[in-house]
Every structure is written in C-alpha cells, then in structure tokens.
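Inspection log for the structure reproduced underneath, given as structure tokens.
Naming follows writing order (A, B and C), and every chain is counted from residue 1.
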Amino acid sequence: MEAFLTGIDSLMQPAVLLAILIGSVGGLIIGAIPGIGPAIAIAILLPATVFLDDLVSLVLLLGVYGSSMYGGAIPAILINTPGTPVNALTTYDGYAMTRRGEAARALSLAYSASFFGGCFSIIIALIALFVFGPYLRDLGALFGQRDILMAAVLGGVLLIAAHRQTMGIAALLFAFGFLISMIGRQSTRQIDRYTFDIQYLYSGFNLIVVIVGIFALSQALNLMVGKDDDPPEARITGGLLSGFREIVGSKVITISSACYGTIMGIIPGVGEFVAQFFSYSTARSLSKEPARFGHGSHEGLIASETSNNAVPAAAMIPLLALGVPGEALTAMMMVVFFDAGIKPGPDIFENNPDFLFSLFTALLLINILVLATLLFSTRLIAKMVYIPNRFLGAFIMILSFVGVYSIRNSLTDCIFAIIFGFIGFVLRRLDWPLVPIVLGLVLGSIIVERLTAGAGQIKSAVDLINRPVSGTLFMVILLVIGFIIWTSFKNRRTEYQS
Amino acid sequence: MKKIALAAALAATTVFAGTLPAMAEYPTSPVQFIVPFPPGDFEDITTRMFAAKLQEVTGVSASVVNRPGGGDGPFPGALEVLNGPTDGSVIGSFVIGVPVVGPLIGIGIEEDSFTPIGVYLTYPFVLATAGDAPYSNMSELAAHAKDNDVVLGHFGAGLAPTKATFAGAALMDFEFADDAAFDMLDCNSLSSGDADVINTTLALIEPCLDDITILANIGEERIGKLPEVATLAEQSGAPELELWNGLFVKKGTPQEVIDVIADIAQQVIASDEGQQLMAETGARLYWEGTAEATARIEADRVNIAIMNELIGD
Amino acid sequence: MVKTAVASKEIYLFEDGLPFEAGQSFQSECPRDKKVKAQNLFKFSRKRGDFQISVVAAGIAMFFFMFFWTKTGWDGRKLPDELGSYVAYQFGLADIDGRVTRFGRILKQSWVAPMLCLFVFVPASLWNLRNSWKEMEWRKRFLLPTSAYFELTKYVAALEYVAYFIIYTLVVPILGYLVSTIILGMFLTWRLGYRSRRWILTGFFSSLGLVIAFRTMLQIKTPLSIWLYDQLPSAARAFMLTYF
C-alpha cells in the first residue's frame, strides 16, 4: 500500500504532470494526423528522452502511446483514413456513420469506448499488481535465464503466427532482424559475427537507428513520394456525450472487447491487430444485428475502439514482469526503462513496486486527460487531419535526423538510418509487415543473451526444458507451431483461388 | 492561414521545458556520466550522486547513462567514452577492468587512452552461493568441485574479479564445470539456479544476504560488515587485487575538467550521504587523485599479468 | 393485331427481357451488399515488384549463409569429436564413456545463434520466393500485368529524397544545424510543390521551431566542429555552438 502512495507521490511533481499533459495532447494530435503514428513519434522522441528525467521521459512516451489511439479514431471516422494503423477497423463503421450525418455520435462512441477500454485494462493491471504482486516476488525464483529465453522464443513464434496470411514473410523478416542484432564483436568472449572487420560494425546496429529508419524515415519517404489526399471537410454537429449512454446499453460487447484487448495485450507478440480482429468477430456473433457490422453499426465501432485501447496497459505487463516486450512500441520503451534505472524482469516487484504504481496511475491520468481534452477540442483537432501528406513527410525526415545523431554522435548512424528507411519504404510499398524486423532485433538480442548466460547450467539438451516454466513454455511453442502447420495445410488448396 | 497555424502549432507541440545551461567556464553544456553496467550497483548509485551534485553546484544538466555491455562487461560503454569528445561532456565511471584488462584484448583501448580523475570506491566483491550449498568456504568448495559440477556466474571472462576467481581455483587445484557471463548477478541468479557460485558485489545481493553463504571476499582487506569471511588471497594464495571504481575521461581532456569533477566527487564522498552509504553497505569510499590512481593502475597491471599466467591465458 | 402480338410472350427472344408480371415481387439485379469480413482488412495480395524483392531477400539470405562459414566463428568451432554419438547421447539413444562435453559449452560459441537464425531465414526466404514466383506465373497465365516499372519509378523517386537526406547529413558539420535545417526545410517544401510564399514561410518557421525545440531547449547533441561557426568571432562562436 505504501508503495502505491510513494508511486502517486513521485507522480505529483510539476515536471511529471507537465510531461503527462504534453504527452497526452501531443499523442492525441499525432494520432489524429494520418501518416504519423505512435511508432514514428516514439521513435523520434526516444533519443530526446535521454536528456530528460527518468519518470518524465517515460510518462511522455506513455502519453503518446496511450493517447494516440484516441486521436487515430478521428480521421478514421471523418475521412475514412485510419490515423494510426490500429484504427483500421474503426473506418468501417465510423465512416459509414459519418456518411449518414452521424459524425458526432460516432466520435463520441469512439471516445467513450476507448476510455472504457483503456481504464478497464489499467484497473485490471492495478488489481493484479495489488493482489499478485507479493506472490510474484516469490515467483521470481522460477524465472531463470532459460525461462526468459523460452518466453522470448514464444513471443517470436506468436508474432509469426499472428501474421496469418504472411507467415513466411514475417518469418523471413524476423530472422533478418535477428541476424542484424547479432552483428558485432565482443572481444572478451571471442565473439565476432559478420563484422567483416569494419570498425563501424564492431558495436553492431543500434536499436534506435533501425527503429527510426524502418518506421519514421520509411513513412517520410512514402508520404513524400505519394500524393496529397484532399478529403472533403466533414462537419461535426451535435454534442459528444451521447456515447456514454450507448456504451451502457451495449455492456456485453464492450466488456468482452475490453477483455480481448487486455488478454491479447498480455500475450507477447500478439498486439492490437489481432485483438481488434477477434473482438470485432466476437461482437458480431454476439450482436443482435450482425448484418449492420461494417455499415455503421455502433456495436462494431465500440468493439474495435475498446479493444485497441485496452492493449497498451496490458502490453506493459509482459515487459515489466518478464523483461520480454510484447510488441514493437513497448520494445522501444524498454530503452527508456533502462535509462530510468529500472530493470524490467521478475525483480521489479521487489525492487521498484512504487514505480509500477506510478506507471499505471500515470496511464489512468492520461486517459482521463485525453477524454477531457477531446470533449472540448475535437473540432480543433479534427482540423489537424487535413495537413498535407507530403509536407508532413518532409517534416518527419527533418525530425528524424536530430534523433538519430544524438544517440552516438555518428554521421554513419544517420546514413544507416536512411538506408533502413529505404528498406522500410520498399517493404511498405509491397505491403510486407514491418514489425517483425524490429521485434526480431529486440527479441533476438534477448534470446542470444539469455542463451549465453544460461548456457552455464546446460549440461545436456534436456536442461533447456526441464524447469517448470521453460518446459511449459516449450510445450506452448510446440503447440503453436503445430497449429501453424495444421492451418497452412488446411488452407493450401485455397491459396490461389481468389 | 489555418494551415500555417496548424503547421506551426505542430512544431510548437514539440517544445518542452528544459534547462538552459549557464554561461560560464566548464561545464557549459550538459554532462553525461557513462556507467557501463546496468543500474543498481554501487558504481551506478555513487555516480548518480556525483551527477546530482554537479547539477546542483553548477546548474548544468548532468545525467547518468547506463550502457550495459551484456556479456561483454564494461567495454562497450568504455568504447563509447573513448569515441566521445575531449571537452569534458562525457565522463566514464569505470571499474578496474577497463584500464587494466582493456589494453590486453585488442579493442582499441590503449594503456593511456583514459586519464583517471580519481579512484573513489572499493567494492565489497564476494563469491556467494546459496544458503543450502554443501560448502561454506573456498577449501570446502574445492573439495566439492572435484567430484561434482559447480557452475560459476560472473560479469565477463576477461574482467579482473573473474580472473581472480579462476586464479584462485587454479591455485587450489579445482575447476569449475562451466561458467557463464551475465550482465546482472543478484539474488535471483542464485535462487533460480542459473549459477551455483556467483561473483558479485554486496549491493546486488543485499536483499537476501541472510539466505546465502559468502565464500570469500575479493580484495585486499576483509569487509567491515563481514569480518568472518576471509579474502580470496588469504584462502588461496592468489595475488591481492582490489576491485575499485573510478572516474575517467578521455586522454586529452583539459585539466580544468578534471579539477572540477574531482572537487565535486570529494564533496559527495565527504557528505553525510556518502558516509552513510559506506556504513550501510560495506563499500569503501575514499579519494585517490590522478597521480595515486595512475600508480595503483600500474600495480594492478602487474597483478593481472601474474593471474593470466596462472590461468594460462 | 398488334395487341395480340404484344400479349404473347413468344416475341421476346431472351428471358430477362420478359415484362414484369403482376404478382411477382421486385427482384433487384444489383448484388446484395456483402457481409464485411474483418479478414478482408488483413487480406494480403502480392503487389507488383514482389517477385524482384523476394529475389533480393533470398539473395540476402544466401549472402549471410555464404559468409556464415567464415565470419561467425564457425571455423574456430569446438565440437565433440564423435558428433554422431554425441547427438545420439543427447536424445538418450546412446551412452558415452568418460567425460561428456557439456552442451552449454557448445551453445556458448558465437556461431550457434546465427546458425539457428539461418535455419529460419534461408528456408523462409526460399519458400517466399517460390510463392512469389507461383503468383507471378499465375498472373501471367491470366494475362494480368506483371511489370514492376511503376514501382521502379517510385523507388527512384524515393532515392532522390534519400540523396537529399544524405547531403543534409554531410552539410550539417559544415554549416551548422540551424542553417542546414532551415535550408532543408525550405528546399523540401519548395521541391514538394508548395511554391506559394505562405508555404515557404511555413517551412521556414517549422524548421526554425524544430531547431529551437530540440537544439536550444533540449540541448540534443549535434556535431561540434562546424566550419561556419569557426569563421565567427569567438564569443559568437561559443554562443552558436551551445544554442544552435
């Protein structure tokens, strides 16, 4: 309990509160502008956070992460363009409602659904912390190097499995990211992988360089090379509070979607897309008017918005508890954790319990702040939606330089960042997923490190899996791989038929 | 007009409150202390105290950046300082391994690459094992290890304490079945079974000190808090090696930088906070300026050479 | 006579032309709105240029594979002498006398992780290449367009902006962060087609705002030896170095 109060206490400083404010409003605007997503914003802000205080920088990034999905619903509803990739399903029902003239109703539904989803997962996480926290400290002894190794491998396998139709490509890109993470030289351990004796490659590729390149610079190139959309201006008339009443009317769907979001967030490697997809399908089967889904059904809108906002808070859990990030954005925030002096992993419940409480309480504050902001300034923010794409692309490119340079003061880093940017650009044009590369980089380094640290106790191959946790995780990995093989055989015949 | 306002507003939303540096002699721009280990250990705690003091005294933003090298120990972080500027904006907080072992492994660190500002901390570095292990000092460990597998966990094969441990094992005529490099060795490493014996500092195993057995202490003297634990040198006859931490800058940094930081460090060590840290944890805080530190490094180089011969490196 | 002809249905050659009869409900010829499948949102279809890039990906995999043998420590590997019986021992099928090499000692070697990675990378890239090739063949069979020329033009267009970025990177140590960023901001705005004075000014002010936000206020590191600033008198030089 005192940890809770200490946590709240450290939150109540002016710098932290200012960061929450800037993070939420900034994240909202960033989400509202199609073309910039939280990934790009976090990638660009990451290097800057080194210069700020620990909790301040963390809260800033969290603000961007947690509030961008609120903002992303605005263009999804108004101009049929998702503000962040995660709001894609919102366009179906949201835009249909706008066409019917019900833009305000759609927006207020989206906000209240998002608010509910966000708060739901935060409260679940806080309760879990209160209830299970003390026990988790003892569980720490169960989690050795080999167990976390298995968790990271499971995360990778689940990531690949989640890309149902592009598994081969996801696997290929994941392995590519993995290989890139291994390039480097460690003289004390006689390790020298693929450095070709090039000085620059001795320390390997820095995670932030790759992230800024693959997410931010590739999008900048994509926008600059494309066309400006010129969407018609949508009018928002009417109040924005009606959504709450409608949420209460559809309790079952709201709660089930929030549960999906929370659970999918906790499972590493899965993320918002799958959460949305499952909750949308379940909502449709639970609904009394399934035919309206995709054509302006308020239940569809609730389902997609609730689940995608429930993911951020839940995604922090595997990161904090195991040190294994569940998806790309949390992987990026791991860097900030290290700079803040927090080591994610089973020890965190023992060493920094107040930090956990600050984190989730900050997230709660962010949600509340964003909702309040939205209720007053939607029309203003909606205008942000109309910033021309190509200008935006140029702006992102300029922003990225300063971020990359400040990591290691290396111009070569900047050049590699733009090379990765070009690679990301090519992948975007082909519709190949970008996330596997980043997760390959992050999980790859975790896997290699845990393997070498745990190798001391491995006398024979079975020692890898004869611990309770690693054994269970290994079984799950086998099950998932079996599932992948089974479904791909099932679908083989229908591969080229559409 | 609206679009300009929007675009400008977009630019403005990225404005944050920051601290503006004071216009004086050093330091004029933000100072970064590089700690080449994960957060939580003594060097991290003390360096954070230094950074806070520097910021308080000069008004310039001073921060601590952790650059753990994974299994490669402090060397990646050291290389970062080596590749940094010589204007005093990057200061390294290094252990003995960096100036003493660094030049031996061919990664670009030379014997004179870094100028010590001073050495200020001696770690209470120990060999620890789980409380229920069937041995409680080095000779019992030696006897046990002859017939059973004992796995050592350390911070990196090339580092000074690891070499000292292996030298001690060589002298006492036993071998570890295997060893592994970790970037963090704490209570969890022992309780989860990742290693049977670990090389670590008291700060990292503080929470479970009552549940574990300390086999030996690596250093010149016994730790004040644990007077009944003999040093490794006493038990095995290995050369005495003190594991210290110091502040370093890249060669060629102006003397003014060194003087300012030395002054700040000495203030912190003499303060109540510093004394309290010493009393509670068993670490020893003191100050040895540039000249004494250089002499100490030379002596340590000789000792490491002896140990390398014992291990056969 | 006309009336009787119209009344009989035989003058109609095709069935769909039959007149509407009383008693029949109206049947629209428009297809019904399809049920929205959330799956369609994630539908993946290979784009043009996919085959060429798949070849490149397979090439990269081959590159890593080729250099695996020399560049990852494989040539310095330490494996037990009787590898076959060692593997059998691990699976519990055979017994080895004397000291058995610890599996961990093998796992710690530097080539293990790249090897595991290549086990996934090489087959995945070859499998992807195969699928991409089959898709290409299928499209050719149905005389669908397969040329990747348009994609190529887009890549070249992107390369132009890559070049601008690299030039910017090289110019910053010469002209300083402030001047280079403002030049880049205004140039890109102009190049992208926003030629009105309003827009150029927007470019100017946003890059200025950026520099102030990140460099002046946050003091993010930028190159410290700048030719242009070195031309200034020393007081101005110190000021510019710190704040811009």
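Miscellaneous remarks
Assume a contact is a pair of C-beta atoms (placed from the backbone, for glycine too) under 8 Å apart; a residue touches a chain by one contact, two chains touch by 3 or more.
In this text, all values refer to a predicted model and were calculated from it rather than measured experimentally.
Per-pair counts of C-beta contacts peak for the chains A-C. Using CA-based centroids throughout, the chain positioned farthest away from chain A is B. Among the chains, the centre nearest to the mean of all shown protein C-alpha atoms is found for A. The centroid of the Cα atoms in chain A and the matching centroid in chain B are 35 Å apart. A straight line joining the Cα centres of chain A and chain C is 18 Å long. Computed centre separation for the pair chain B/chain C is 41 angstrom, with centres defined by C-alpha atoms.
Residue positions of chain B with contacts to 2 or more other chains are 3, 7, 10, 14, 16-18, 30, 61, 85, 177-178, 180. Along chain C, residues 102, 104-105, 108, 202, 206, 210, 214, 218-219 each make contact with two or more other chains. Under the contact definition stated at the top, the residues of chain A that touch 2 or more other chains are 51-52, 189, 191, 388, 391, 395, 399, 409, 452, 454-457, 459. Here chain C touches chain A in the complex through residues 33, 35-36, 38-39, 41-47, 49-50, 53, 57, 60-61, 64, 67, 71-73, 76, 89-91, 100, 102-105, 107-108, 110-114, 117-118, 120-121, 124-125, 127-128, 131, 134-135, 138, 151, 154-155, 157-159, 161-162, 165-166, 168-170, 172-173, 177, 181, 184-185, 188-189, 192-194, 199, 202-203, 206-207, 210, 214-215, 218-223, going by the rule given at the top. Those residues of chain B that touch chain C in the complex are listed here as 1, 3-4, 7-8, 10-12, 14-18, 20-21, 23, 28-30, 61, 85, 87, 177-178, 180. Interface residues of chain A, counted against chain C in their complex, comprise 47-48, 51-52, 88-89, 92, 164-166, 168-169, 171-172, 174-176, 178-179, 182, 189-196, 217, 220-222, 224-225, 273, 276-277, 280-281, 290-291, 293-295, 388, 390-391, 393-395, 397-399, 401-403, 405-406, 409, 411, 414-415, 418-419, 421-422, 425-426, 429-431, 444, 447-448, 451-452, 454-463, 496.
Residues of chain B touching chain A in their complex: 2-3, 6-7, 10, 13-14, 16-18, 30, 38-40, 44, 48, 61, 63, 65-66, 68-73, 75-76, 79-80, 83-85, 105-107, 149, 151-153, 156-159, 177-184, 186, 188-189, 191-195, 207.
Interface of chain A with chain B (complex): residues 15, 18-19, 22, 25-26, 29, 33, 50-52, 140-147, 185-189, 191, 202-203, 338-339, 341-343, 345-347, 350-351, 383-384, 386-388, 391, 395, 399, 408-409, 445, 449, 452-457, 459, 467.
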